[in-house]
Amino acid sequence: MPGNSFGRIFTITTFGESHGKGIGVIIDGVPPSVELSEEDIQVELDRRRPGQSRVTTPRREPDRVQILSGVFQGRTTGTPMALFIPNRSARPADYESFKDLYRPGHADFTYHRKYGIRDWRGSGRASGRETAARVAAGAVARKVLLGEGIGITAYVLEIDGICAERIDLSEIEKNMVRSPDKDAAERMIARIDQARSEGDSVGGIVEVLVRGIPPGMGDPVFDKLDALLAHALMSIGGVRGFEVGKGIESARMRGSQFNDSYYADGVRVRTRTNNAGGILGGISTGEDIVLRVAVRPPASIERPQETVSVDGVERTIEVHGRHDPCIAPRIVPVVEAMVAVTLLDCLLVHRSYQGWVHGT
Amino acid sequence: MPGNSFGRIFTITTFGESHGKGIGVIIDGVPPSVELSEEDIQVELDRRRPGQSRVTTPRREPDRVQILSGVFQGRTTGTPMALFIPNRSARPADYESFKDLYRPGHADFTYHRKYGIRDWRGSGRASGRETAARVAAGAVARKVLLGEGIGITAYVLEIDGICAERIDLSEIEKNMVRSPDKDAAERMIARIDQARSEGDSVGGIVEVLVRGIPPGMGDPVFDKLDALLAHALMSIGGVRGFEVGKGIESARMRGSQFNDSYYADGVRVRTRTNNAGGILGGISTGEDIVLRVAVRPPASIERPQETVSVDGVERTIEVHGRHDPCIAPRIVPVVEAMVAVTLLDCLLVHRSYQGWVHGT
Amino acid sequence: MPGNSFGRIFTITTFGESHGKGIGVIIDGVPPSVELSEEDIQVELDRRRPGQSRVTTPRREPDRVQILSGVFQGRTTGTPMALFIPNRSARPADYESFKDLYRPGHADFTYHRKYGIRDWRGSGRASGRETAARVAAGAVARKVLLGEGIGITAYVLEIDGICAERIDLSEIEKNMVRSPDKDAAERMIARIDQARSEGDSVGGIVEVLVRGIPPGMGDPVFDKLDALLAHALMSIGGVRGFEVGKGIESARMRGSQFNDSYYADGVRVRTRTNNAGGILGGISTGEDIVLRVAVRPPASIERPQETVSVDGVERTIEVHGRHDPCIAPRIVPVVEAMVAVTLLDCLLVHRSYQGWVHGT
Amino acid sequence: MPGNSFGRIFTITTFGESHGKGIGVIIDGVPPSVELSEEDIQVELDRRRPGQSRVTTPRREPDRVQILSGVFQGRTTGTPMALFIPNRSARPADYESFKDLYRPGHADFTYHRKYGIRDWRGSGRASGRETAARVAAGAVARKVLLGEGIGITAYVLEIDGICAERIDLSEIEKNMVRSPDKDAAERMIARIDQARSEGDSVGGIVEVLVRGIPPGMGDPVFDKLDALLAHALMSIGGVRGFEVGKGIESARMRGSQFNDSYYADGVRVRTRTNNAGGILGGISTGEDIVLRVAVRPPASIERPQETVSVDGVERTIEVHGRHDPCIAPRIVPVVEAMVAVTLLDCLLVHRSYQGWVHGT
């Protein structure tokens, strides 16, 4: 029944529904004295917000964040930051006609079975809109991490089977699908347009790259860095698979291919390849962390689907409204945010005992 | 620095190193009055223990479990169960020659950077041997879940690219690789034999199937059932990817293909397909939960590999000793254990507020 | 650096500063389908709010609560409730002159040493105003507990050495000091008036009585019911001592006096006395839970005091402004709230495993 | 149902029953590279063990600790330490005759109601013997804290109303009751002898003094340093009251008396008095931390007492066996241990964000 918090020292707790008063987050464990403004957060929210381009939902939400606490004279105080994003374009009436039907692929049925009561206005708490709070919290974490030399970049690697063939990070924010390959981006956009025109939706793959993580970060056994990151990323609605480094492909490699050889780069120990994706035994190697998530096609499609009503009668449903035909591009900032939140928490745990680590 | 505990109400905390005195676990939150004997646990440990067959390490460990607390007159008392598995066949001397070298693919380098000190005897805490404690705890969770009508079965779906073509659960424990397809099993075994004879190792894919989970279990947002299961399974050493339901393949499906239609099966709401793998919005649908993990090839191979010593000198290493050429078959009971531990914890959280859930 | 959350299943996280935008709380783990309105919460906030009577601070805050999430059509949905109480009567300028001085008895110095930065507007996060968020969360917990037959009542037992001589619960809300003895109440009020006229402040003792707790609630060892309640109540600013049952007096009793004898009251097992205050071995006996806290005199007094400035210079300070001469009466609803929050969390943990408890 | 763990980064989890195989603890979050031997732990266990003197139980337990993991070549590795103390002098038969009776003042009834099953051998998990595991864990924490210049000393301030009149720390370990006043110690011992000869038991007050805590440690709001310490100390069986600094007496002081004035001691800010007991706003001031706990008389007395059997029949019980007539002297090392465990955890959290604290 809990489940709305994440983290150990740097901890976020989100609240809010898609068509209620708004969405928000409390961030505890924010390091003090960090310069921080609403604008620092807004810039990230603008990357996630609906209505950015024709490949996203036409819902027009300005998603203006308010800092309610934890910042004094432009700096964090170390006490909890509360961030609130009012809902401006809520249209609960759009959902009135489905309120007694379980939309296939949505969480309507499962929420109803869990709680016995359900806010049916636009998926309520289960809406992708909840991720706005994650992005807001992630913006704070990113700013702190950047100050420590840690950078996080995510991008769309694949949409509906169309793959980026080259990774040019400077291209990502230049195209509507956030692909690092501008040619592939064009084909991806065309495919999304086509799916939407057919009343359908498509999925995709998002990859994330982390630079600047010191070696030795992460915990053994259950809180391995990759296990925490999997938890963080699998908790984003619509994510159905997670990989670190070579991921699933590792299962088809030989040990002699998979193992990353070490070499000495001056005083630094480096690996020649990075099949491990920067994490061995759950602890960072100091190489780039590389993760991928598989994002399913959005559940809201305009085609007729079979379903059942809350009173058990079989029915047909068509879900019209303001929906994303593909959420991979808008998940990019959410993935970055969750990675940032997870890594800052790990960094704080890491710092706690450095006074006892010698000679490395 | 912590990280050795997992769970919220049903909580496990493991300890121990590969070549120290032994491996163990404390289980807190065990439901009371459950009949439980060392034999109930032993039967699961025997499925994980080394030296079972020629496709596993020849290290001969009887892995006899001792219940140190929490059981009285054959029943659990609700107080913590401590389980201890003494190491009998420890051979630290086998590792003396590598103690100043970072074995590629192992956690030697990362543990050293994390702690500044390292138990180099057989990977110490980072050894796969740590999973014996998980299996022991999982046996307790499984017994409780079985009493609630919940069954968990894992098997090897793929080894080094060779796939099981049919799923016959009755075959799993009849072959050395725990494949549900006896013909594929033979080819998998031959492939492992070949890899070992070449001083190499191979990876694989393990799938797990959960039956009997009631609909409505799991928490929203960060503690989604699939996020917790991803955390649990990605925390097993050697696992590099995680999927739920159609998993990565979802990214290449259309919404119209992916969405599972509902139908009424008497009073029960069911789905015609199960692409979601039994989890929507992080909450169980009541259909089978289907998960897969990708297991990389073991790091210990007998071929020469390039590395660096703890004092920064480039060196060549050959890792001889008692190693598994493929860990997928032995990971099967570990996967089942981690799924059991996670689900029992979720079931207890689920039960906590059922008094307020009406009319579903 | 964290520390702003409390609870395991029913969890509260507070935020906000005394002279910032407002004070708030996220409540996770709220049981679903509970009828709940802003008015249910407001009624408790009105009992804590400043400016109620002449024995409290003259700061006039309406303390109007807003429910931002988690309630749909007048019922809780099981998802997080966010409550926000805007600050209306903030007067940061009142504090400008002390901003570089550490007020004796306040947390100015300790917050400054902890964070290196400090919101000096009216104690910022360390203000007693933070307890408004606790009272709001407590109102939700109380409503749920009342539905389960559990009632919580606190009152002022002693102020500045003047003790209530009889406990008449119906008197509590009839006098300004919330004493259960109306005659003592008059003397207490006179004493507070006198202290204030001398520019001084006084302390007191608050007792709390819980009825209807089932036997068997609470956890062994570290999360004993009394340990959790001590944690909850000692976390209220100004509380310097905690007792359960006979408390400190127990240390001066013989075992033959202290032990509560059992008798059979029909099918119920009862105790003839209740020296244990309803808790034995950290678990409830089913008798009333009886706790007491000692509340120190408020730190803000109008007399000159010696102090040191942030740059280390010795100075004299006089703290004028809008302060409580005694906070015991206003702590009463805070104590009730923290007890409610703690007990509902324990009740949810208790419910989680009742399916395995037989024959009691 | 959980409740057997304590701490956030430095975390202890205990297990075991009084007359089972033994008692133990897993300690997670141990800083690495700390020199540590079984002897370091044994020396503390010897201070708690039964049979030390005529004022304690005559049960003769050598309480020999075994380190099962987490130490390599005489140093901690940062991985979990498991400590085990086998029970050697278990005599379950002593309890056979009470097994169907609820002993007054014991947790027999409450454990039975909680779990529906009960290990009746010497109070099982509810036995004071469980504290051996705390003392073992505390010994590890103390060693680490000592290395950081933090020292913890507890002593008996009062027994059955007889108070120590002077505090001479060098006297504590020289007398059987661990009083800092050797004259009072003699009278305390005589009083215990007398109570025992009357088949009765007595209570006492234990005080603890912590030196060397840096200012700024502890968290705001719910995890105030005094709230965590209250949680830790109230979780010790038999403790019924907790005070910090002037404690209960604060309630009878004026603000002008209670507030500790600041002065400048070179670069350090100090207070002239220490009524706050070293903690303001939940955060350390840098002055000594002063806490007190009230310990009730032990429940096992040889006089006839009224009770009820598990099947609801009223009965008379006399508890013969090996019991302490006063547990205050043996609680001294347990109090020190719990304070050490709590403070090391707080120190690790404190260290985690020091990189962002400037200019204090």
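Which chain is which? They are A, B, C and D, in the order written, and residues in each are numbered from 1.
In this text, a residue touches a chain if its C-beta (ideal position, glycine included) is under 8 Å from a C-beta of that chain, and two chains touch if they have at least 3 such contacts.
Just so it is clear, the structure is predicted and the values come from calculations on it, not from any experiment.
Relative to the C-alpha centre of chain C, the farthest chain centre belongs to B. Chain pair with the larger contact count among A-C and C-D is C-D, by C-beta pairs in contact. Here the spacing of chain B and chain C, counted between their Cα centres, is 45 Å. Annotation: 26 Å between the Cα-based centres of chain C and chain D. Each chain gets one centre point, the mean of its Cα atoms, and the points for chain A and chain C are 38 Å apart. Of all residues in chain A, those touching 2 or more other chains are 1-5, 8-9, 14, 29, 31-33, 78-79, 114-116, 125, 220, 348-349, 352-353, 356-358, listed in ascending order. Residue ranges on chain B touching chain D, taken from their complex, read 1-5, 8-9, 11, 13-17, 20-22, 24, 26, 28-33, 66, 68-70, 72, 75-82, 84, 114-119, 121, 124-125, 348. The touching residues of chain D, when paired with chain C in their complex, are 1-6, 8, 14, 102, 104-107, 109-116, 125-126, 130, 158, 160-161, 195, 200-205, 215-224, 226-228, 230-232, 234-235, 237, 240-264, 267, 269, 271-272, 276-277, 279-286, 294-301, 303, 305-308, 312-314, 349, 352-353, 356-360.
Contact residues of chain D toward chain A in the complex are 8-9, 29, 31-34, 78-79, 220, 348-349, 351-358.
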